[in-house]
Each structure stands twice: as structure tokens, then as C-alpha cells.
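Following this line, the structures themselves.
Look at the two complexes coming up: chain A is in both, with chain B in one and chain C in the other.
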Partner chain A sequence: MSAIYSIIDLLLPFEWTEFAYMKNALLAILLITPLFGLVGVMIVNNKMSFFSDALGHSALTGIAIGVLMGIDNYLISMMGFSLLFALCISAVMNSETSSSDTIIGVFSSTGLALGIVLLSASGGFAKYSGYLIGDILTVQPEEIRMLALILVAVVLLWGFFFNKLMLVSMNTDLAASKGIRIRMVEKFFVILVAVIVTVSIKWVGVLIINSLLVLPAAAARNLAKSMRSYHFIAIGISVFSGVSGLIISYYAGTAAGGTIVLVAAVIFFLTYFLNQVRAKA
Partner chain B sequence: MDTCKCSTQIRNLTVKKHDGVILHNVSLDVHHGEILALIGRNGAGKTTLLKALLGRIPYTGSVIFSNAQGETIAKPRIGYVPQNLVFDRSTPVTVGDMLCANMSGFPVWLGHKKEETEKAVRLLAKVGGRPSLLKKRIGTLSGGELQRVLLVFALEPKPDLLLLDEPVSAVDRKGIEAFYDLVTSMRSEHQMPIILVSHDLNHVEKYATRAALLDGTIVVSGSVNEVMRTPEVRETFGLKLTGGMKR
Partner chain C sequence: MKRLTAVLLATVILFCTAGCAHRTEQPARFRVVTSFYPLYIMALNITDGVSGVQVDNMAGQQTGCLHDYQLQSQDMKNIEQADVFVINGAGMESFMNKVTSQLPKLRVINSSDGIPLLKDQTGEANPHIWVSITNAIRQVTNIAEGLAEADPANAAAYRKNAEEYVAKLSILRKKMHEELSGISNRDIITFHEAFPYFAEEFGLNIVKVVNREPDSQPSARELAQTIKLVRGSGIKTIFAEPQYPKSAANIIAKESGAAVYSLDPAVTGENRKDAYLTAMENNLTVLKQALK
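Up next, the complex of A and B:
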């Protein structure tokens, strides 16, 4: 880690990089934002932003279960619960009994409410309110290593599965005609989103995690002309908002997560109007 | 089991949905090197039958696929050209993305390999599609262009059975001829079995080799000429019994 720190000192000799926690936060952002950009691409393409939002909310219940069971590392209970939660939502959605946004809405509010009730019952909610907005400045070196591993794993999976994922998202009948196992591909994606949301919720927070997943990809969609440009623009916007949001938050004394989301939101509106102007021209 | 050049043997296929029976006891053979026209009124279950063959909806009964050598294929490759492709028209997926994603596992978000692009251009040319189509987003294609792209998508890799659902509904006249020329050559060159769902009896008579009238079940089936003369077909399509089309 110290080698990486000295590289940061060399490349970015600024006031905000003097502190170790800012260096850690910068590294974490450089790992999380491409991840979010990448996965967000298909969340937006599959119109699943409600779904990822619900997953974020369910993390609160996951934490509560961890507290009740006396597990120190909430990541385990959160992961377990959000995987279960994700598979339940996708099963109910596939049964086509009612419209999917209603179902997801029900799951989402249940996950949030259950978390609040359980956490407040076990001795005051205030202790856990940090999870609502998250704090990227608390990220530890060993967590950065874990994030790096996750990024590599997700990029590899994205390399192997992306074509199938894209064909399924286009039209399931066409994908099925090519022998693609629709349900398996859908579950794979749902699990991937659940893992990423759960792992990063501590630093990004329940309330804004979905904005970070959706905004860069939504902005990129306004500009993209192909799957390749869609990906690279989304990742670019994600990394840019992450890093610039972190720097702004340092000098403005604001919460990093919220600042990052605001930068991404501004970029979204810029691309939206650019797209409108281009469509009229 | 009879020793024919059977590609697809459908036996007693029944599809039920919560509001009733859509298909009952459909039994039908499709042979290698034959274009079977599936005709019938709206709501007769033609698209449902195709979806059952694709494994998209649950059914009872059996469907057995065989290759040209008569060996059973457990997981057949099916080429499917749907009537109306329902998809998000604002998606940034290009024709090149779609065709390359189908041809290889190389992730299209990293770009397309040269040999894949060249192959896609060759295949597009076969159906009268320009190479410039590759860069277009699929949501911006005209009906005829989309139909050609879907046909290329369906024909690669070479399918064991080709399903065409009203393929000409959105294609211009020149496109229709190119389309059927290609389908006909697929049949004769590759002995590809084809099921063609159509409303246009002129096309059925011109291009199909056999026909089956569907109305919940197979009402009549046989060679095109025979089926066209049956009173059932004439009644369904409002043809006068003395011959000639009612306009």
C-alpha cells in the first residue's frame, strides 16, 4: 500500500491527498466507480433501477439480522439477506402475477421498514444511521484490496457473460431461440448486482447507492452510439463524478457520497439536454 | 416411428393458460427441405405454437427434433424471425453488436473482431442489407431493415429448424422477393426445415411446399395445393367455393 501512497503523493501533490484517509478514499473510488459504471449499464438497459434500489434498502434488514444474531461482520448477514431478497424478487417477477414495479416497491419498503424496526428495537437506530448515507472516508486498506479483487472478478464475468446478457435484455424469445438459458442469465445478473450493492453499501449508503449505479449509465445512454461507447462513456462519467465529487467534498466540507451523486446528476442533465438538442438538429 | 426425413415431430401438443386451452392435441410433422406454411385466422394459436417450439411456454405432449441423418437432437438450434420484435427502441445496441454477440463469445462491449464484422457484412449482403447497417442502432432501423437483420441473426449458426412468423409484414416488395429467395435457397441448399406463419395465401402458394390450417388444433394438413382446395381453408379465408379471392 505504501508504494501506492507514494505514487499518489507524486502524481497528486495537493492538500487533499495529504491525509491517508483521503488516499484510501481516492483508491476506493477509483475501484468502485468503474464497477458501478459497468454494472449500471445493464441495470439501466434492463430497466431495473427500482430493483437495485430495493436491494440497497434491503441491506438495512441484513444489518439488523446481523445485529440480532450477534455477527460482528455485517457483510455476511447483509450478503445472505440481499441474495435471498434478490432471488425472491426475481422469482415473483417471473411468475407474472402482478406488475413488476409494484412488486419491487413492496419488497423495497418492506426491506427498509423491517430494517428500521429491528434496528430501533435492539437499542436505538442512531447507531446505524451512518449506513443511510455511508462514508467513503472510513475505507480501510484491506477493504481496498477486497474491492480490487471484486473489480477484477466482475470485469472477467462481464467478459464471459456479457453477450448472453445483452441478447436476453433485448428480447427473451430471440435469446431462447439461440439456446441461451434465460432464467440462469437473469439470476446471474441479479446476484451480481446484489453482491456489488451489499459490498459497497457501507461507504456509499442505502439512500444514494442507487443513484451512483443508475446516473452514470443513464447519462451515457443519452450519448452512446453502440454498446462499446455506452460502456466506456458510463465508466468515464462514473469515475469522473467519483473523483471530482470527492475533491469537492473535501474543500466544501460536505458528505462525499452526496457530492459525488450531485456531480453525476449535473452530468446527466447536461447529456440529456445535449441529446435533446441533437435530436432536434 | 416412421422412417421419414422428419425434422420436427409434434405429437399431441397442448397448451393451457389460466383462461383456457389455446392449443389442443396438435400433431404435425415438418420434414427436412420443406417449407411448411402454418395458416389460420387471428387467434388460432399460430404464434403460441412457435413459442412452444422455442420452449418459451409450457406444454404437454412431445416435440422431437432430428437432424438430416435421422439422429435425435436434444437441444436443437432454432432460427426465429418474430412477427414484431418487441424491444426497447432507445437501446444503444447496434446491428453489429447484435450480430457479433450471436456469432461469438467475444464481449461486444470491447468491440467487434474483424472477422466477425466481415462475416456479418457477407451475411447481410445475402439478404440485400448494406454494410452501413452494422453501425446503426437497432431501434433506428426501418421495418424492412430490421427484418433482414433478424433473418441474418436467425440463420447464423445454421439452425436445425427455421421459424418465420409473418416475416413479410413490414418488408417492401423488393425485400419480400429477396427474403423468399434466400429462404428458398436455404431449403434447397441446406435441406433446412422451415415453418412459415403467413396470412398471405399468395405467398403460401408460391413458396411453401406444404401447408397446415391451424385453429386450436390442426384442421387440415398436406401439400399446398390440396390444403388450399379444402372447404375449411376456403371458409377461413373467405374464398368463394367456386374459386378466386374475395377482395
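Up next, the complex of A and C:
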């Protein structure tokens, strides 16, 4: 870790990198944002932006269950619950009884309401409201190592599964005819999103985690001309908004997560107008 | 149709028996409801041994201060059935005004009567008065007088209990003054605005309060400013509270070389009569160790 710190000191000799917590936050953002950019591409493609939102909300119930069971590390209970939640959503969606946005809406509000009820049963909801906003500044070195491992794993899985995922999201019939097990690929993606959302919820926060997944990819979609450039632009926008948001939040004294999302939102609207202009020309 | 009738009947019976089971309990003659934990402990001491008195705490014992407290229907029921509602005052229960104004018959004891209030920069009164023992004594006296007025039959018992408890508090205050008179370092940093009254009483100097709102995290800039302040001033100790996460305190401590100690505003804890006394004894130990 100290080697990485000194590299940061060498490359970025600014006031904001002076403190270890800012270095940690920077590293965490450099790991989380590419992850979000990458997965966000597929989420936007599959019209699943509401789904990741529901997963974020379910984290609150996961925390509540952790509190009730006396588990100190909420990550375990959150992960367990959000995996269950994600698989339930996808199972109900596959039964095709109602439209998917309705089903996700039902699950999303159920997850949130259950979390609120359980956490406020003791009258102490305020204690957990930190999870609503998240706090990237408290990220610890061992958590950064975990994030690095997850990033590597996701990139590897992406390389392996991407074509199948893409085909399923484009045309399920075509994918089935090529012998792809559609349900399995869909489940794989749902689980991946659940893991990523749950792991990062502590630092990004329930309220804004989805914006961070969706905004960079949505902005990239306005600019990209191919699948490859779509990916790279999304990751680029994600990393840029993450780092610049962190720096702005340091000097402006604002909450880091919200500032990052605002930067991403500004980029989205810029690309939107750029796209409009281009379309007219 | 038959099935429907059966279900209806079953429901009615269920409700009846549940209701009846409730009614068999011996109803308390005089019901006192306190708004939150510190007052509950005071009321427990004052009503100790007085028969027919039931003391309930509106907010749970782990709630802490009533920042952002959300009233539950159980709380409303509790208050409606109460003979006396004991509040801290000084703005702690500002959200209760609407409730109490709807219950004109409810007798409200404001324990902060006559206590000089400290104001923060925005001009708002700081409600954490009980953290100073002198103020706590005043609150105990106020509550005892209020109870004596509302339940004259037991007035003498309330006053006697209050006197005994006040005696214990006074001894503790004297002990704390004596043992803290020798400390050389009086500059402290605290989180959340709970300690101004305490600091005033024992001559401590709060250099900075990080995180005035207890349930939010300080911004990166606030952390940086605090770290620089600690580095520049030679402050060796940061006091976090057991009720809130220590993550921010740990960051500041790690970057500045200061140590984190836990100072308890006695706002959560066990439902025991001596809980406040114990919490303050522990604070004394921590302060002696941290500021020597």
C-alpha cells in the first residue's frame, strides 16, 4: 500500500492528496468507476436501470437483517439478501405475469419498506442513514484490495461472457438457436450486478448508486459509434466524473458521492446536446 | 357464505380475547412517560419505590438523542394514556409540540425550566443540557416538583427520592471537579454537539466540533481542516461517542497522530437507576487517562 501511496504523492503533489483518506478514496474510485462504467453499459443496453436501483434499495433490508441477527459485518447479510432478491426478481420476471418495470417496482419498494420497518423498529433509523448517502472517505486499504480483486474478476468474466450477454440482450431467439443457455446468462448478469451494487453500497450510498451505474453509460451511448467505443467512452466518463467529483468535493466541502453524480449528469447533458446538434447537421 | 361467517367469527373472537387479555393487567394508578433515555433514568430514580406508578420511555433506550426521531403509533398510544409527559425541553422535542397541543389534558413537565441555555452559531439553543451534572441536578429537581404537583399523594416520596439522587449526583460532581482539577491539557475535539454543557462545567475547551449533525459524515474538506487543526495545535485527544460510528474520528486520529477516546453523553444505555452515574464515572476515567 505504501508504495502506491508514494506513487500518488509523486504523480499528484496536490493538497488534496496529502491525506491518506483522500488517497484511499481516490484508489477506491479508480477501481469502482471502471467497474460501474463496464456493467452500466449492459444495464443500459438491457433496459435494466430500474433493476439495479431495486438492488440498491434491497441493501437496506440486508443491513436490517444483519442488525437483527447481530452480524457485525453487514456485507454478509446484504450480499445474501440482495442475491436472493435479484434471483427472485428475475424469476418473477421470467414468469411474464406483468411487465418487468412493474415487477421491479414492486420489489424495489418492498425492499425499501422492509428495510425501513426493520431498522426503525427500535427507533434508530437515523443511525443507518449514512448508508443512504454513502461515504467514500472511510474506505480502508483492505477494502481497496477487495475492490481490486473484484475488478479483475469482472473484467475476466466480461471477456468470457460478453458475446453471450450481448447476443441475449439483442435477440433471445437468435441466442437460443446458437445454443446459449439464456436463463443461465441472464442469471449470471443479475448476480454480477447484485454483487457489485452490494459491495460498493457502503461507499456510494443507496440513493445515488444507480445514477453512477446508469449515467456514464447513458452519456456514452450518445457518443459511441460501435460497441467497443461505447465501452471505452462509458468507462472514461465514469472514471473522469469519479475523480473530478472527488476533487471538487474536497475543495467545495460537499459530499463526495453526490458531487460525482452531478459531474456525470453534466456530462450526460453535454453529450445529449452534442448528439442533437450532430443529428441535425 | 358459511366459510365467510366462520372467518368473521374467528376474527371477532380473536380480537375479543386479545382485548380481554390486555384488560386483566393491573392498571397503573399514575403513568409517567418520558421522552427519551436520560429523563427516563431520572424518573426511575425519582419514582423509586412509589407504588402504583408506572414509568415508560417513549423512545427506545438505544435511540439516543431525538434528532430525526420518527414518532411511532405505539409512542402516541403511550403518551395518550399518560398522566404526565416528561420532556427535556430546550428544543430536543420540538417535533412533539403538535402532539402535545392535541392533548390539552396532558400534563407536560419541562425539565429544562430555569437552566441557562448555550446557543450555537446559528442562534439555536443546544438541547444537550443533561450532560452537565449541575444541569442534571436541576432537571431532577424540576421533574420531582412536577410529579409532586401532579400526584400530591406521593409528593413527599418523590421529593425524598430526588433529594437522595441529587446527593449522589453532587458527590460525583465534587469528585469529578477534584480529579479533573489537576489535568494540564484542556483542549478537546468532539463529534456532534453533545458536550458544550459538560465542557463548561469542568473547564474543558472544545476547540472544534466535527459533524454537528450526528448522522451525517463530515466532508473531505472538514476532515482536512480538522486534521490540520489537530496537527497545528498539539491536541492529543479526539473524543468520539459510543452512540455513533467512529470512522471519521479514526481517520482524523490516524492522520494527525492523536488518540481517539470514547466520551459518553449518557443518552443510551441500560435501563438501570445508576446508569447516568456509571456513565459519568466512566467519562471521568477516560478524561483522566486522555488528558493527563
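The definition used in the following text is that the second predicted complex is superposed on the first by the 279 of 281 C-alpha atoms of A that agree within 3 Å, B and C clash if a C-alpha of one lies under 4 Å from a C-alpha of the other, contacts with A are read in each partner's own complex, and residues count from 1 in each chain.
In the analysis below, a residue touches a chain if its C-beta (ideal position, glycine included) is under 8 Å from a C-beta of that chain, and two chains touch if they have at least 3 such contacts.
If you're wondering where the values come from, they're calculated on a predicted model, not measured in any experiment.
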Fit-or-clash call for chain B and chain C when the two complexes are aligned on chain A: fit
Following superposition on chain A: angle at chain A, chain B versus chain C, Cα, nearest 10°: 150
Partner chain(s) touched by A:Ala256 [first = chain B, second = chain C, both, neither]: second
Chain B versus chain C as contact partner of A:Met166, first or second or both or neither: first
Chain B versus chain C as contact partner of A:Tyr230, first or second or both or neither: first
Which of chain B and chain C A:Asp135 touches, first, second, both or neither: second
Contacts of A:Ala176 with chain B and chain C, given as first, second, both or neither: first
First (chain B), second (chain C), both or neither touched by A:Leu12: neither
Which of chain B and chain C A:Asn45 touches, first, second, both or neither: first
Chain B versus chain C - smallest C-alpha distance in the overlay, whole Å: 30
Chain A-touching residues of chain C, taken from the complex the two chains share: 59-60, 62-64, 67-70, 72, 214-217, 219-224, 227, 243-245, 247-248, 251, 254-255
Complex interface listing, chain A residues touching chain C: 15-16, 18-22, 25, 120, 122-127, 129-130, 133, 135, 137-138, 246, 249-256
Complex contact set, residues of chain B against chain A: 51, 54-56, 75, 77-80, 82, 85-88, 90-94, 96-98, 100-102, 104-111, 135, 137-138, 150, 153-154, 163
Partner chain B, residues of chain A touching it in the complex: 41, 45, 47, 158-160, 162-164, 166-167, 169-174, 176-179, 221, 224-231
